[in-house]
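Dumping the structure here so I can ask a few things about it.
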Amino acid sequence: MSGNTFGNLFAVTNFGESHGPAIGCVIDGCPPGMALTEADIQHDLDRRRPGTSRHVTQRNEPDAVEILSGVYEGKTTGTPIALLIRNADQRSKDYQNIAQSFRPGHADYTYWHKFGIRDPRGGGRSSARLTAPTVAAGAVAKKWLAEKYGLVFRGCMTQIGDIVIPFESWDHVPNNPFFAPVADVAALEDYMDSLRKAGDSCGAKIRVTATGMPVGLGEPLYDKLDADIAFAMMGLNAVKGVEIGAGFASVAQRGSLHGDSLSPQGFKSNNAGGVLGGISTGQDLEVAIAIKPTSSIITPRESIDTAGQSTEVVTKGRHDPCVGIRATPIVEALLALVVMEHALRQRAQNADVKQDVPPIRASFL
Amino acid sequence: MSGNTFGNLFAVTNFGESHGPAIGCVIDGCPPGMALTEADIQHDLDRRRPGTSRHVTQRNEPDAVEILSGVYEGKTTGTPIALLIRNADQRSKDYQNIAQSFRPGHADYTYWHKFGIRDPRGGGRSSARLTAPTVAAGAVAKKWLAEKYGLVFRGCMTQIGDIVIPFESWDHVPNNPFFAPVADVAALEDYMDSLRKAGDSCGAKIRVTATGMPVGLGEPLYDKLDADIAFAMMGLNAVKGVEIGAGFASVAQRGSLHGDSLSPQGFKSNNAGGVLGGISTGQDLEVAIAIKPTSSIITPRESIDTAGQSTEVVTKGRHDPCVGIRATPIVEALLALVVMEHALRQRAQNADVKQDVPPIRASFL
Amino acid sequence: MSGNTFGNLFAVTNFGESHGPAIGCVIDGCPPGMALTEADIQHDLDRRRPGTSRHVTQRNEPDAVEILSGVYEGKTTGTPIALLIRNADQRSKDYQNIAQSFRPGHADYTYWHKFGIRDPRGGGRSSARLTAPTVAAGAVAKKWLAEKYGLVFRGCMTQIGDIVIPFESWDHVPNNPFFAPVADVAALEDYMDSLRKAGDSCGAKIRVTATGMPVGLGEPLYDKLDADIAFAMMGLNAVKGVEIGAGFASVAQRGSLHGDSLSPQGFKSNNAGGVLGGISTGQDLEVAIAIKPTSSIITPRESIDTAGQSTEVVTKGRHDPCVGIRATPIVEALLALVVMEHALRQRAQNADVKQDVPPIRASFL
Amino acid sequence: MSGNTFGNLFAVTNFGESHGPAIGCVIDGCPPGMALTEADIQHDLDRRRPGTSRHVTQRNEPDAVEILSGVYEGKTTGTPIALLIRNADQRSKDYQNIAQSFRPGHADYTYWHKFGIRDPRGGGRSSARLTAPTVAAGAVAKKWLAEKYGLVFRGCMTQIGDIVIPFESWDHVPNNPFFAPVADVAALEDYMDSLRKAGDSCGAKIRVTATGMPVGLGEPLYDKLDADIAFAMMGLNAVKGVEIGAGFASVAQRGSLHGDSLSPQGFKSNNAGGVLGGISTGQDLEVAIAIKPTSSIITPRESIDTAGQSTEVVTKGRHDPCVGIRATPIVEALLALVVMEHALRQRAQNADVKQDVPPIRASFL
């Protein structure tokens, strides 16, 4: 419970710093007998990898993962799977100027007061680089859930800065650096180019879904499926808001509209976002998150130093002008980790439950 | 970890059903030596209590709490504090008609598939009545945090249905049944009266804050303070969205605006909502949540029964037309439970940390 | 994790003090759909109940259990089962003389230093009375394991003071107040009578077994089945030693003798005590524990008071001259709780594992 | 909670297999600001290392540890400390003959039934090699506890096979390969030489202590200090029994003897072994464990294969003829991990407790 482990039955313990020798994680609780190779994990790591377009940080990290344990003759053994990613392209001297001052919007100030010591190189432990092990663990969960339930996790960007991105098709998502569900991203590219020239940054809104959900995942009272989703998403660097289903729009809805009707063929809408009473309905999970603008910008900012005196901070180094651009594979991974945890938990306590009437799924989504 | 315990070091285990003999909780981990009586807890229970205005359910529950353990000669002993609330005003026959069908927007369908059995009386375990033990536990946390750090938790309603409620003053909040921070709630009353006549329901938006926060609470990587806040809030019945600080508005903000500047006198804004890198900054925690419209309405709804056949559901019984109206004391309690957990955790691992420069607080909030 | 919860998937949270208003527990994680009434639990509580022979404390407690939640129409619902036992026969004034001094062998001194406050009435939280909720929870686990796997838990006394008790038959155990597996307990009664006259107390050795174990329960590396058994047993009041299988005798055994051979018909011995590599073999679990002599004796003892000054302590009140006499139902319950936890855990992670060759069992035990 | 993490506030997650690429652990919860280098850890690893005398396995492993994270400029940062040990001297072909049969006394049979798959090379996950990461983590805990409280952990062998080893002095322990507290180990060497010639193995009894304990560590009801010690010790490979203080001898003791008297100068004996009511008394922790004889012997044993047919097993490879010989540094590490966990936990909940009268310590031990 010391803060760096995600989940209980499928427990992912994350370690490392941005400019330390390595980052990685240990996955404890993966069921045995599943085929697993480094390639299964590398695919999602590559989707998250920096340096793949001009719109993201130019740090060049291969993010090559090594499986250290838990796999024998190509199959998981039910014992811990340790994953190691060596850091390759640190430029720690970029951070000397901020070692004694606090960047606005960053964790510098809070780490310093909490721990009394902080590794300033690349943000140390608070760097978004630490999402790589999460993505790696998520890839393992995704594979198991796909094989077991046919579950599919998909995410896309729905807004960047003040540009709302319409949903055209999931097919477009892999074809542009924004994970945008549109064919033409020229407007997005122009927007990012102008932002970069201005030395500024912007936020983004990301949608993430799970299709093929079993009914019954989630534990009332407190450990609800949506509670754990909110925990996972808000725990991601830079996230400031989480919505399930209709989200904040539900405030102004009437009950006669919001409550999703049921028919023998399925639910007739999905304002619930796939969760009722904290338990999955079998409909798609529908989650949206707000990501704040990157705090590392070259625009000078007013701040203080570790002596409490006024100073001005300019953040150099290599940074994403919109951390939301690379967020999609990460939020897919986080959603997969939450579902995995609850899938195993459901087997523990309710493995004997059988209903005569099979679950219904939404027909229209 | 079986779903009904909130927290680890300050662990609240909740039990009971809406129409069972009793509800309650066991608090494990309250530090010893704090003065505690039933009156300390009853105050917040009374704020949440049903039947106190025409705008909420008319179920008449005294919600009288009994301390069963953990207190000796008026002081906490460091051992578990068991709190018991007997149910007094059940009308279980109101629910006979829905025992075999699933109310849209309710947990009926998911409980039935998850557990293979459900207590339909008053929603059973999924009833909002189970927030009473949470409020009781929160009152204990609030008291300790107030005595130890001077922490104050406050909440208010900021929107009901499509009526946005401006913030006038915290002083108004206790003076109206909506927990609205305005002097004149006539418009809100009219709105609720017309809604009730229409047999419909609406949602609400609630704001909750903590003032007097210590710096340094929250555990990166995963168990961030804001992650745990999101977990707590999204785990509350009917919540569909959670925001910290600028929330979804941060998507369209520029980094040069969003990142809160620091000066020797304090932070100059609070877009962060009091959390950076998952750790408290010392500024006020600022949280907002979206509550969906009540699902229990007398308007007939299309649904299915446990045989999978079409049916129509009309929900009688006594219900809140807007569950958000009574939500404020609950979200205060939840925020207090999260802060309490992290306050204890901080002592465990970082008790020796001392900085020469004292933490700064926001001067303007 | 705050010390008063046993288990994770089948989590039992215990509350109460010896002379407070009530004791009890909340069981979180019991699978749904099992028939359960108070009578199912009362049976084991009655086996542990004080006042049933002249050899145990004369405190008269009916220990009547009330189910407060988690059961609907006679079946478990998968939600928390709260169990309440009101204290009935407190004589708190017996303890006024020890409120300011520390009884040797008791938890008085350590509670006082740990918590800075202690409830001296009947030992408060450290009283063996708090094993009653454990027994109640164990009864629920036993019932589920019996129905699901045909598991049977049995315990007996194998030594009291310096009298070693031979094993004649399980059939004798319910027929005497010692839970001794012998037909004739006259020697034991004489021994206890003389001890009582001497104002002294003695220890006991208890054996507890589980028959009908599934193969595969237990989690390497740390959360081994035998590790959790040792945790459970050593956590019981007054226990000073735990053995699995051959126990301390294995030190002097040769490897060629100790390692239990396997044949197609089963294991040929059970030095392992039913656990290899932390995982159940399918053989009977065989556990032995040492219980120290009761610390509450009327013989005057040298001690100190809360001011650190020398004093003499005589413990009046009503006490068991050998706490081991009533220990058997408790250790059965503890073993059942450990097995229950691992049975659920096994379903979570290894539900898909199937071997062509069925497990073998020991044929001779 | 998936089995491979030890502790909560000081959580050690262990990974790796005997013949995989690497073993290691992640320590989450180490307080920040402590000086730490690889040399601090290597010392205890070297004490446990194989190949250092003719009485232990001849596998040659340098067990060189690499710190991957959590340390910055030579100090702990409060973030996870990942420790990596590459395996260097595997001879996996030694194990081909046992891949399809089950060695008596080994975890082969139980792993195969639990997981449906097992890594037979060197015992895979069930190998005693996996105690190396535990020793490494224990070295970190030892260092913190030594600096903070002056705590010292010491262990020694007290029996090997049927030879009881008298206690002469702690000073002798580092001077012989048995960790025996005697000056002359010729008899032990002769015993082991004859055993090795016979192709057999033997057990051992180990004592481990902690000196300088603070009063007040341990959580009643269930998570008692002695319960966690028993969990830790019984969870170690090959352990079949655990005693605290007087252990099994307390069965035949009278209460008037067993209960340790207190005087203003300290406790007058230590039958309690440093724990009363599950909480440390400030006296030395006194723990003894029984280790079974090594199961890997070259004497042919009767067994079955994975088809359930009779077979004979001869275990070749390089093995310790008495696994107890190298156990001492491991049990010291385990005891340190338990104390560390409870030391942090005590700070969380009882940091404000102060007693006017300082704790007493035993004067004579």
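Which chain is which? They are A, B, C and D, in the order written, and residues in each are numbered from 1.
Here is the rule we go by: contacts are C-beta pairs under 8 Å (C-beta built on N, C-alpha and C of every residue); 3 or more make two chains touch, one makes a residue touch a chain.
Just so you know, these numbers come straight off a predicted model, no measurement behind them.
A.B. asks: Mind listing the chains that sit against chain B and also against chain D?
C.D. replies: A, C
A.B. asks: In terms of residue numbering, is the interface formed by chain A and chain D classified as same (over half shared) or different (under half shared)?
C.D. replies: Answer same: the two copies use largely identical residue numbers here.
A.B. asks: Report which of C-D and A-C is connected by more C-beta pairs in contact.
C.D. replies: C-D
A.B. asks: Which one of the chains is farthest from chain C, going by Cα centres?
C.D. replies: A
A.B. asks: Mind checking the centre-to-centre distance between chain A and chain D? Centres are C-alpha means, answer in whole Å.
C.D. replies: Distance between chain centres, rounded to whole Å: 38 Å.
A.B. asks: Can you compute the centre-to-centre distance for chain C and chain D, using the mean CA position of each chain? Integer Å is fine.
C.D. replies: 26
A.B. asks: If you average the Cα atoms of chain A and of chain C to get two centres, how far apart are those centres in Å?
C.D. replies: Chain centroid spacing, chain A to chain C, equals 45 Å.
A.B. asks: Which residues belonging to chain A are in contact with no fewer than two other chains?
C.D. replies: As it turns out, chain A has residues touching two or more other chains at 1-5, 8-9, 14, 29, 32-33, 78-79, 114-116, 125, 220, 349-350, 352-353.
A.B. asks: Which of the residues in chain B come into contact with chain D in the complex?
C.D. replies: Per the touch definition, chain B meets chain D at residues 1, 8-9, 29-33, 78-79, 220, 344-345, 347-353.
A.B. asks: Where on chain D is chain A touching in the complex?
C.D. replies: Residue list for chain D touching chain A: 1-5, 8-11, 13-17, 20-24, 26, 28-29, 32-33, 66, 68-70, 72, 75-82, 84, 114-119, 124-125.
A.B. asks: Which of the residues in chain C come into contact with chain D in the complex?
C.D. replies: The contact residues of chain C facing chain D are 1-6, 8, 14, 102-107, 109-116, 125-126, 130, 159, 161-162, 200-205, 215-224, 226-235, 237, 239-264, 268, 271-273, 275-282, 290-297, 299, 301-304, 306-310, 346, 349-350, 352-355, 357-360.
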